[in-house]
Amino acid sequence: MSSIWGNMLKISLFGESHGAGIGVVIDGLPSGHQLDMSEIEKMMQRRAPGKTAWSTPRQEADQVEILSGLYEGRTSGTPFAGLIRNTDTRSGDYSNLKIRPRPGHADLTGMARYQGYNDPRGGGHFSGRLTAPLTFAGAVSRQILASRNVFIAARITEIAGISDLPIDYAAPDMDLLRGFVDKPLPTVSASAAEAMQQAVLKAKAQTDSVGGVVEGVIVGLPAGLGDPIFAGIESRLASLLFSIPAVKGVEFGAGFQTSRRQGSQNNDVPVFTKNGIRMQTNNSGGADGGISNGMPIVFRVAFKPTASISKPQQTINLETGQSEELIVHGRHDPCIVPRAVPVVEAAAAIFALDLMMEAEGRLTAFADVD
Amino acid sequence: MSSIWGNMLKISLFGESHGAGIGVVIDGLPSGHQLDMSEIEKMMQRRAPGKTAWSTPRQEADQVEILSGLYEGRTSGTPFAGLIRNTDTRSGDYSNLKIRPRPGHADLTGMARYQGYNDPRGGGHFSGRLTAPLTFAGAVSRQILASRNVFIAARITEIAGISDLPIDYAAPDMDLLRGFVDKPLPTVSASAAEAMQQAVLKAKAQTDSVGGVVEGVIVGLPAGLGDPIFAGIESRLASLLFSIPAVKGVEFGAGFQTSRRQGSQNNDVPVFTKNGIRMQTNNSGGADGGISNGMPIVFRVAFKPTASISKPQQTINLETGQSEELIVHGRHDPCIVPRAVPVVEAAAAIFALDLMMEAEGRLTAFADVD
Amino acid sequence: MSSIWGNMLKISLFGESHGAGIGVVIDGLPSGHQLDMSEIEKMMQRRAPGKTAWSTPRQEADQVEILSGLYEGRTSGTPFAGLIRNTDTRSGDYSNLKIRPRPGHADLTGMARYQGYNDPRGGGHFSGRLTAPLTFAGAVSRQILASRNVFIAARITEIAGISDLPIDYAAPDMDLLRGFVDKPLPTVSASAAEAMQQAVLKAKAQTDSVGGVVEGVIVGLPAGLGDPIFAGIESRLASLLFSIPAVKGVEFGAGFQTSRRQGSQNNDVPVFTKNGIRMQTNNSGGADGGISNGMPIVFRVAFKPTASISKPQQTINLETGQSEELIVHGRHDPCIVPRAVPVVEAAAAIFALDLMMEAEGRLTAFADVD
Amino acid sequence: MSSIWGNMLKISLFGESHGAGIGVVIDGLPSGHQLDMSEIEKMMQRRAPGKTAWSTPRQEADQVEILSGLYEGRTSGTPFAGLIRNTDTRSGDYSNLKIRPRPGHADLTGMARYQGYNDPRGGGHFSGRLTAPLTFAGAVSRQILASRNVFIAARITEIAGISDLPIDYAAPDMDLLRGFVDKPLPTVSASAAEAMQQAVLKAKAQTDSVGGVVEGVIVGLPAGLGDPIFAGIESRLASLLFSIPAVKGVEFGAGFQTSRRQGSQNNDVPVFTKNGIRMQTNNSGGADGGISNGMPIVFRVAFKPTASISKPQQTINLETGQSEELIVHGRHDPCIVPRAVPVVEAAAAIFALDLMMEAEGRLTAFADVD
């Protein structure tokens, strides 16, 4: 386990925030798929830092060098490795983290896990920067899924308690879903986006941070994917979503709300349509008994507020054995949620491609892709 | 994957609700642990059907025959297999499920997954009955954990929107946690339990069902367990919790609430105590960066209302191609939540034992267990 | 790992020689395949003890009770579990093994692995009896492969240094291969079989044992199966073959002989034929670079002589700390090789089905099987 | 699976012979180990091309850039990634391989596996160059094992049918084993080495190639490591050894010879010694029932002659559909065996470290390494 995920498609992440670089090996990609590198670059840039007022000012081009697995513009099918060099590292900022661990961060647990030998600079392997190669792997997976008519989107449903409008995922407006990718704060309601932005800027001004919720959707998966018990859709997608730093909750369909309903309200009723069997509602989020039912897979991911804040906090000094005040220097996002949107999409894409390959195999499924 | 879970400890479930039997193979158990079978039996009976007014009247002794892995009363270390015979099966009740799939159930998705060849009787392999061998595996794991001073408890925090009181998991009252096991509806507040019971009985009278939330806690895990990225504590425990039928949401620590907070409120501040480094609060639920921080692991699991209800519902008839009314016969729980409590404990125990074995290995960790 | 093997198809073995029973859970079988139980029974009987002069006189019917995964005579696709009860156990025979470990057996290593808590009776989980559920899993897999025109055979090429004639696996005589299943000592040369039988009976008369070599072949796999590097055909099949007790060597194609050849002799030359591209020779054993080339997969498996012999041997007494003479009582095979033939076939079948499912997936590959 | 191997320690290889680079991600390394880079470099150079008359003249420095996992000279415990840039690539040499596949190579099977989209230059991902990052991973693993008193060596026992003298692995001469690392053709007998060298040079002069056998040994593993059935020592080590290109056979201890012996000859007799229980002989190769018995793990690996030879051969032309003569240009080893020696050591080291970590875990085993 550890930094490897997947079954037919395996993702292996490596790197530290302030080391030579970060990257990913994608093992098991179907061969012969022509990659649109500008599309991949676009998705990388949605996650990249330094783009907006609410993002960390750290400047990273996040250019991916493809080391292997691409031949004459197409996936070769052998391991596909991408490397992102770290460029704008200021490790001096972090020099005292080994003595004064940041509250809410992995400084203490990293030391416990690795007996103090892990790289503490910028959080090391625990840094949110590791979501860059994850996003890259997702961008590649998503293109292959697109050629199979599987579409993935994500939006912000909450920041700092401010909610966006609901979407009816029994019959989603595909144009609405397609439009999210072009919005800096992807929401249905423009005024909600505006209020969210104000809340983020206010937290920034207070040298504090805020959290939020990202909702993702996978449209176009056929019914019958996934496995019962331990390898159901929720189990597998949740395991990947909880891998994204700062995630503290995951729910599918109506999620926690279902626990407050009666069965007669919550059960999704199947009907015959010209597109085959569909559910009238999508409270289950597209999976029953862990298996896809042909409806959009819908899920929400709760992100805690960024742990790294410049506001003075109490922590311990491991040298003196005393509590003391800490002001975290360095460059951080007052709200990670906007940059998390493409990361959630990436996780969904990796998950969905692995799932489809289990069902369809690798020789037949993608032979005539382009 | 599929019906196998784990890394150092692997759990393989099998069986169908109305087949010959259901069971589990536990691979990788540490050897030499003396099992208290009456404790295991007690945990099995908390999950077993037919015990209370709010449980299905199906009578199943859920006696586990141990087929292998136990020698002279101790775990041998080789695969430990347990078999539960199905006894009270009334398959006639389910004869029309292949034609009229139950809304909210895996009838349709099971047919899609297995091209119609899966056993439909009582939900087959998708039945909640499969939680019996899971509970058995958890009861075994829990005893081994107990000898290592790891304690697991669970309680109901919500049924039908009725909430129990909160618990401070920064410094939990261990007597309170230990007492939950003896309550039919384990809550802090007796009046909340009474109100929950009334809500369940009311739903039963209406031939409907209600959902709820179970909160679990693992006390005593050392700091430094788990892996970064894809094998963090949340990823792995969530993948197991979502394997329990009817689960639609999982959160850790303050969970979805953290998304509505500021960093300065949400960060857990470390302090030196006579028991070593502890956090003043437990908003993270015991894991930072996917690694245990020495605080209790706390999580909540949302259960949807039981999908099988006798109240008339609409569904489709796969023979006629028309919609029609369905009344689900058979015997079902108006609320699965009380019986889910030991199942959640079992999942937590299996997870925790696997996690500890990765850190401590198998030769040294359990050599002088008893 | 441990007692679980496979990727798309997972096999989980359990049980001890003198415990309640032994069995297997097969996870991931394609659904909808109608099983011919008499064919399975026939394969089980080829492995079963007590049938010939050179087999242990232990009488075991090796009747498999199917606990799950079979519905109306077809595979349901959910975990398929089979249980074989142990009946003819005489545990008194083994009472002193914990004190006087048998040379060449797993008595000492089992104690070291499990700190002495493993079941020592009849070798416990290390017993050759565990090949019964493996054979069962292979018999099921083989039927599904047969419906895909994949054929598996095995024969004895050596016993006690007596060799059978070679077979040209570039263009094998399929009738010859099909005939092996009906021979008690499957060889090309009847006189070799006769000499082998005499050698076994002679060893038996001397209260000693002899070893031998089994050759297996998988005919009909398409080119392009397998993965490079760590998941090549040789890696995966060898890992399964070395799981069979008493196996000490595995080679593919011309195997160790290739190391004594020149490249110009050993390279298999491709040619166009009416059946597509074929190799003129089959020195590679059907795999180049770990990937199938469309030729028969050919391999040989070396079995050491049965470790349990009644001839007096030296061993240690763990109580006295002294060496002493040991006469192993109990019932054993003077040569395990004949009974190992169906076990080798079973391993090949499990391997081949897993391999095909990776390439073809599960939904499309087997949808119209019968 | 595919290009990932291991359980507690996972190795993920990537790269193609003539792409940007080749590399490895090692996931799960124990933290805190100080690496001696010059030792690693020395092992890399033993495998590197262009050093001797019998190696390919391709010049590759095989300098490894460490991308992650090393902090202040010690393993951080997080994924350890190494990258080797390809420098001396002459892809023009290989331009016709897609039309005229080389006999005995993976050209045809690679095309079948990846539908023709894989990188054909220099064999792509199937190239022996991928053994460079494998050797690197082994060099790292070996140092950690050395700090635990586990020692690994390998030598050549055969080239072109010329045999070296046997070694008694019941009580091996450790100085002899330690000396192999300094010999260009590591053998016991200097005259055997001389004869082997002549055979290789003769094959080279004939534009042909020869094969051979490498013997490896792991000294110092405690008894009780490994798992029964599918995860025994032989199963796991063989799966890794068969991953090395050109390997066609693997045997343990007396291997295929055991099949020609009687049980009374072959059984290793345990005795009490001042170093605890030892076997008087080592026919089993250090593993009984798949579990280590405390004796050296001994194995032999058969390498076929290099498939790429300049001698004219027949092959097919995929454009014309006709057979034609092929002369393989490019730069190749007339015998791969000498350069395979450190690769076999590397595989053994990766295997042994994974095995020890399963038994001892990661927190306790390596806490006070240096």
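So that you can tell them apart, the chains are marked A, B, C and D in the order they are listed, and the count of residues begins at 1 in each.
Convention: a contact is a pair of C-beta atoms (placed from the backbone, for glycine too) under 8 Å apart; a residue touches a chain by one contact, two chains touch by 3 or more.
Predicted model, so just to flag it, every value in this text is computed and none were measured.
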Partner chains shared by chain A and chain D (touch criterion as defined above): B, C
Among the chains, which is located farthest from chain D on the basis of C-alpha centroids? B
Between B-D and C-D, which chain pair is linked by the larger number of C-beta contacts? C-D
Centroid of chain B to centroid of chain D, CA atoms only: how many Å? 45
How many angstrom between the C-alpha centroids of chain C and chain B? 38
Using CA atom averages as chain centres, what separation in Å is found between chain C and chain D? 26
Residues of chain A whose C-beta touches two or more other chains: 2-4, 7, 13, 78, 113, 125, 224, 228, 363
Within the complex, which stretch of chain C touches chain D? 1-5, 7, 11, 13, 101-106, 108-110, 112-113, 123, 125-126, 130, 158, 160-161, 203, 206, 208-213, 222-232, 234-236, 238-240, 242-243, 245, 247-256, 258-272, 277, 283-285, 287-294, 302-309, 311, 313-316, 321-323
Chain C - residues contacting chain B, complex: 2-4, 10, 12-16, 19-23, 25, 27-28, 31-32, 65-69, 71, 74-81, 83, 113-119, 124-125, 363, 367
Going by the contact rule at the top, pick out the chain C residues touching chain A in the complex. 7-8, 78, 224, 228, 357-365
